[in-house]
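Same chain, two partners: chain A is paired with chain B first, then with chain C.
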Partner chain A sequence: MDMAKYKVMFLTEAREHLQKMSAQLVAIEADPTNRNGIDALLREAHSIKGMAASMGYQQHAELSHHLEDRLDLFRQKGKISPTAIDYLLAGTDLLELLLEDIAAGREERSIEDFCQAKVEPQTLQTPRVASPPALETKLQIRLKLHEKVASPAARLLVILRQLSSFGKILQSEPSQEQILRAGPVRHLELLINTNLSAHEIKACLENYSEVARVEVEEPQAQQAKSVATGGATVRVGTDLLDRFISLTGELITNRYMLQSAAGDRDWDALQEGLGRLARLVKDLHHQVLQVRMMPIDSVTGRLPRLVRDLARKSGKEIHFELEGGGIELDRAILEELSDPLVHMIRNAIDHGIESEGTITLRAWRQRDQVMLQVADNGRGMNPAQLRRRALEKGLISPAQAESMRDYEALQLVCLPGFSTASQVTDTSGRGVGMDVVKAAVEKLGGVLHIDAALGRGTRFTLKLPLSVAIIKVLLVEVDKKQVALPITRVLQTIEVERRQIQISGKQRVFSHNEELLPLVSLRKILGLPIPQAAAFVSVVLTEVLGRKVGLVVDGFAGQKEVFVQKMPSPLEGLRGLGGGTILGDGSIVFILDIQGLIERRR
Partner chain B sequence: MTLLLPFMLGAERYGLKLTEIQEVVEEVEPYYLPAAPPEVIAAVNVHGRILPVLDLALCLGFAPSPRGERMIVLSRPDFALVLAVHQIESMLTVDLEQATLSQSDAPEDCICGVVNWHGQMISLLDLDQLRKLVEEKCIVPGGDRVPACTDRR
Partner chain C sequence: MSQRVLIVDDALFMRNLLRDIFSDAGWEIAGEAADGNEALQKFQQLQPDLVTMDIVMPQRSGIDALQDILTVSPAAVVIMCSALGQESMVMEAIQHGARDFIVKPFQQEQVLEVVQRVLG
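This part shows the complex of A and B:
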């Protein structure tokens, strides 16, 4: 049986239950006699216990059992005291740490200290958690013998034997048998479980004069890989699977129909069959997208707890509200959003709310986009102060500061290296953060807007596409080549007459709806040759850093719905490139992230 | 014994082990790949996968010379790439045990060994080093200033 598969499922489900538990605990804190809440908590703890026990994770099962017992006592009493909430939250934290141990394949840490502690406030805030026994570590050793060494195989065997006296050799490439058989091998790569340090082993191996090079390190890359592949499971409702089956059936029928129509050279039937095929594929596409959709709730589950803990730490009284948690988004987008959301909420607690207030996380659909907003009713932001600060830090020029409108000044907080906190706090104000949030949103093809009113609060609004796998793009031509822009980043396409374009300093500008907007040439951005301007210029109106900009292209080639392929490693991180797509005729078109392209040219 | 695919870069003969190659493609249409370093000259459609094409000669600092019609698709999942070279020759069987494995005194050469094949030297291409080299070329400094387009009036 493939236990690894069940392990991944267990980890995913257990994390979900734990998230629900801590959200529920925070809710009960405000309403301690909520009977239904206590019942729900008991159910969660019970599910976790059952799952852990059937997987054989003893500490995990024992701790959830312990929490379940406590909860049962509280149910009999009919209420949970605030100190008990702390205790139970600490318990769920410890359960999460145990999950980390299980995920990393380590031995589960001990829970004894925690279970023996009485429900006392001070000692329980942060349970002392025993670190995993640091006796043996896994080390990866790579060594190479000198070129000139005679009978290298024999020498490698000597080294292999020496190493086996240091600990247990888990894996060796080549193995002892292979060395015996294969003759002149000069490399050896192995994994060893040992209680010696990497340094000690290296020193010992370097003593051999035959050894040309030794590397001893902890095999980190492999671990990271196993964790990364561990997270990718999706749970799908059976009704959706049934629809897939029936769609597959219809596609098979359709195939036979097309085959026979082609055999009979019956053009009408062929036409009809193709029409049906188009409908089936569209339906399939829609259903597959459904599989990727997850409610926003799935990433906001831990936020109530986060707000509670941060509020307590900073001595503020903060009420957290969540609206529209059922709105669905592509899982790839949600995964990228989890950190930015945390950051915006931390900002609201640290910089927005002074001593008492409300933070609201709101989600809603707006046509084929999802809006996500983090709002607080705190002190707001002062544009004049932001301008001054950016100027002091040398992030903008005096001329820029002067001509900048208030709305633009608010977007300054997204510049790397900008932080308005006068002192660094534990949670934010290190000058990293909003730029990362903005980059994450734009990488997904979304936009970040910030608005604030002095004394009335700040709102961060994220405009996001529903899906990243299949998106709508505008195809544009540039130097006889095609590239694509996500339609979510296109405000409008216009033809501008050449005489409408003026030069202002080094910048070409044009007037649009009584606004003077800067023009940037896509050819210039991409380093392509720049031709003589024609009488009319094709311009894509887009937004860069919250400001409207006209992007000059050679021509428009229509809109298309495309499936985006990520670039393979090592090109995946290329700034400004949002992936590629293959069009119906087999040609490849790449999707550009204009903001990224412009920023990397600095 | 190991199967080796030799190919020419300028006047030098390089080789890749058969296990490192997925296939050799011929006459594929190159498409424009924007925002890439100059060594990555195009993208091609290989059975529905978009793969970047690396001009190996340019990448290793050879003088520019014509590229052949045939290109090599690498098989490594962490280095999905197509190599454009000058000319691909026919497969050889060599004894890699007899190859001289070179020390990494010049990693930028991307050579992990040299095989003597009937008096001709074939350099073994070091894909790990090549991957590192391409990775370095893909790093572009991020912007830390306001873009010029906000700079107006």
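This part shows the complex of A and C:
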């Protein structure tokens, strides 16, 4: 039987089992005598083994079998020690690497070293940390000898022999035979399977003063994310499929109805049929979106393990709580969230929590948005310090620093260049990668809020649309053209009377609910001519860096649900342009990222 | 404890040169040999950390002596001393297990680099 077509399914399922295994292992660490937990682990390992064996992935099957054996011993013993958990976690990591090999269609790496580093239950009492298995990687080496080297062929031969002591040489150009036949060879290019790092090999080759240049890297083909290719798969409940079928049936009935109404020139029946069609299409759209929805658990599954590892490394005691893991989000959004979540949790561990504390990841629905919050109960952030730091770094002007409210000061950590990993100290705040997090969230049409109280922790809150592919937009007019603003970024639309607008310094402001808010003109931002202001100005109330701002437009053209399309190259990198969409009348409308636009101007 | 070298060369001049280079670098000169036969004898007797082996010698050549030494002590570290134009012989020696080679005229830096590499 041709097993290839089951490969994608195998990969998806095996990954799920591995994630469960690793989550279970972390849970068991807190409760090592939990028999049910050990039983669950055994079942996972057993399922993986069975799948891998029937697919013929030998190393994978063997390793899961090995882990199953270990687990069985622990079950008989009734508990698992922390050392054993390290070992088993390393084992699940190795299983994941094997999956990557399988996904990329290359040979599975060897598991021999890992299995030899056996942790027997008897020896578990002694704190022996199982060393992570040495993994073989394929490296490409390119080197060139100096022009004036004496006996270059002999030199290359020495180098080739030394390299062959590091691993298996898969391919070499020139080959050893070609070198032996001599000739003036100065270049050597080879592929080696080794458990040394590229760095180690390079350092070794740089010991040869005869070598003029050397490059060691992973071969290109392997660098490309081969895992990502091959089309992702989703599992869909059969009830959902049934609903699709019944919807299709209704659409067919509807077609006959419309056809006969048109044939009879019966406008009332046609009207009714069209109304029904609209409902069916809406229903279908909703159901299709359902297929794309995945529970947040699917990306947070790895986090307990991450927290555990990071906490161990930093010597801190950290509790991790997850709430609302069942909340569903569009898979496209979830996929983009994985890295930002890791960033925020890392930050909380590195900078938020001092020696002991809790990190909570909470998800909840708020109308048609999903809120995701990473909160810690650590030391919080100091707005005064953040202001000072941003000023020092020249990221804000003294005037800005002065007029900035505390809340705004907290958002400063998201500025690129606010902090870098090498500068992180107790006082440097927590800007590591926050600009990346912010960019990722905004790309999805979401908003990032940061709030913190000195000594009482920090909260990062992500406000996300349920689905990225289809969003609701506000269409506005500017210079006789329509552009769209994601509705998630619109707080309110207002008509402001001209006389309500005042000038404060160079800034136009207007009073709204007893608050003075700055006004910015969309025409000005887009570099369009600015006409005489009419008696009433159309203003979109939005939020930039946590601060309300009024965006002046020529007029409102209504709300629509649109299918967002990514901008093709070279437009995709344009700051402030969130994407594009095609309206029902065939016109193309740009979707603006207001925050990006306004920031670009700064 | 300093490392010990056995210097094998039929030319006294070359032996002296290498002797100075190694002594300067803090090595102990375990001994010297002037041909391939003597090389094997001295090797077994002195058990040095390193052997420098001239390739062209009367009676038994450096390549033969290299093979003799590796037969009795497969882990022995032998580097070949060659002159320009002896590349094919150097390659033969390397195939037979010589760790590296140095090229006459010897320069202290070059010699020490090779030595450090094969022992480090």
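In the analysis below, the second predicted complex is superposed on the first by the 465 of 602 C-alpha atoms of A that agree within 3 Å, B and C clash if a C-alpha of one lies under 4 Å from a C-alpha of the other, contacts with A are read in each partner's own complex, and residues count from 1 in each chain.
By our rule, a residue touches a chain if its C-beta (ideal position, glycine included) is under 8 Å from a C-beta of that chain, and two chains touch if they have at least 3 such contacts.
What you see is a predicted model; the values in this text were computed from it and never measured.
In the superposition on chain A, contact is made by A:S209 with chain C only, not with chain B. By the touch criterion defined above, A:R547 reaches chain B but does not reach chain C.
Taking chain A as the reference, the larger set of touched residues comes from B, when chain B and chain C are compared.
In the superposition on chain A, contact is made by A:I179 with chain C only, not with chain B.
When both complexes are overlaid on chain A, the residue A:D451 reaches neither chain B nor chain C. Using the contact criterion defined above for the overlaid structures, shared-chain residue A:V158 touches chain C, although it does not reach chain B. Contacts of chain A with chain B, set against its contacts with chain C after fitting on chain A, overlap at residues 182. Put simply, chain C touches chain A in their complex at residues 82, 84, 86-88, 90-91, 94-95, 99-101, 103, 109-110, 113, 116-117, 120. Chain B contributes residues 29, 31-36, 40, 43-45, 48-52, 78-81, 97, 100-101, 103, 131, 134-135, 138-153 to its touches with chain A in the complex. Of all residues in chain A, only 147, 182-184, 186-187, 212-213, 395-397, 399-400, 403-404, 408, 415-417, 481-483, 504-507, 509, 516, 518, 520, 526, 544-545, 547, 549, 565, 567-571, 573-577, 580-582, 586-590, 592, 597-602 touch chain B in the complex they form. Residues of chain A that touch chain C in their complex: 150-151, 153-154, 157-158, 161, 179-180, 182, 207-209.
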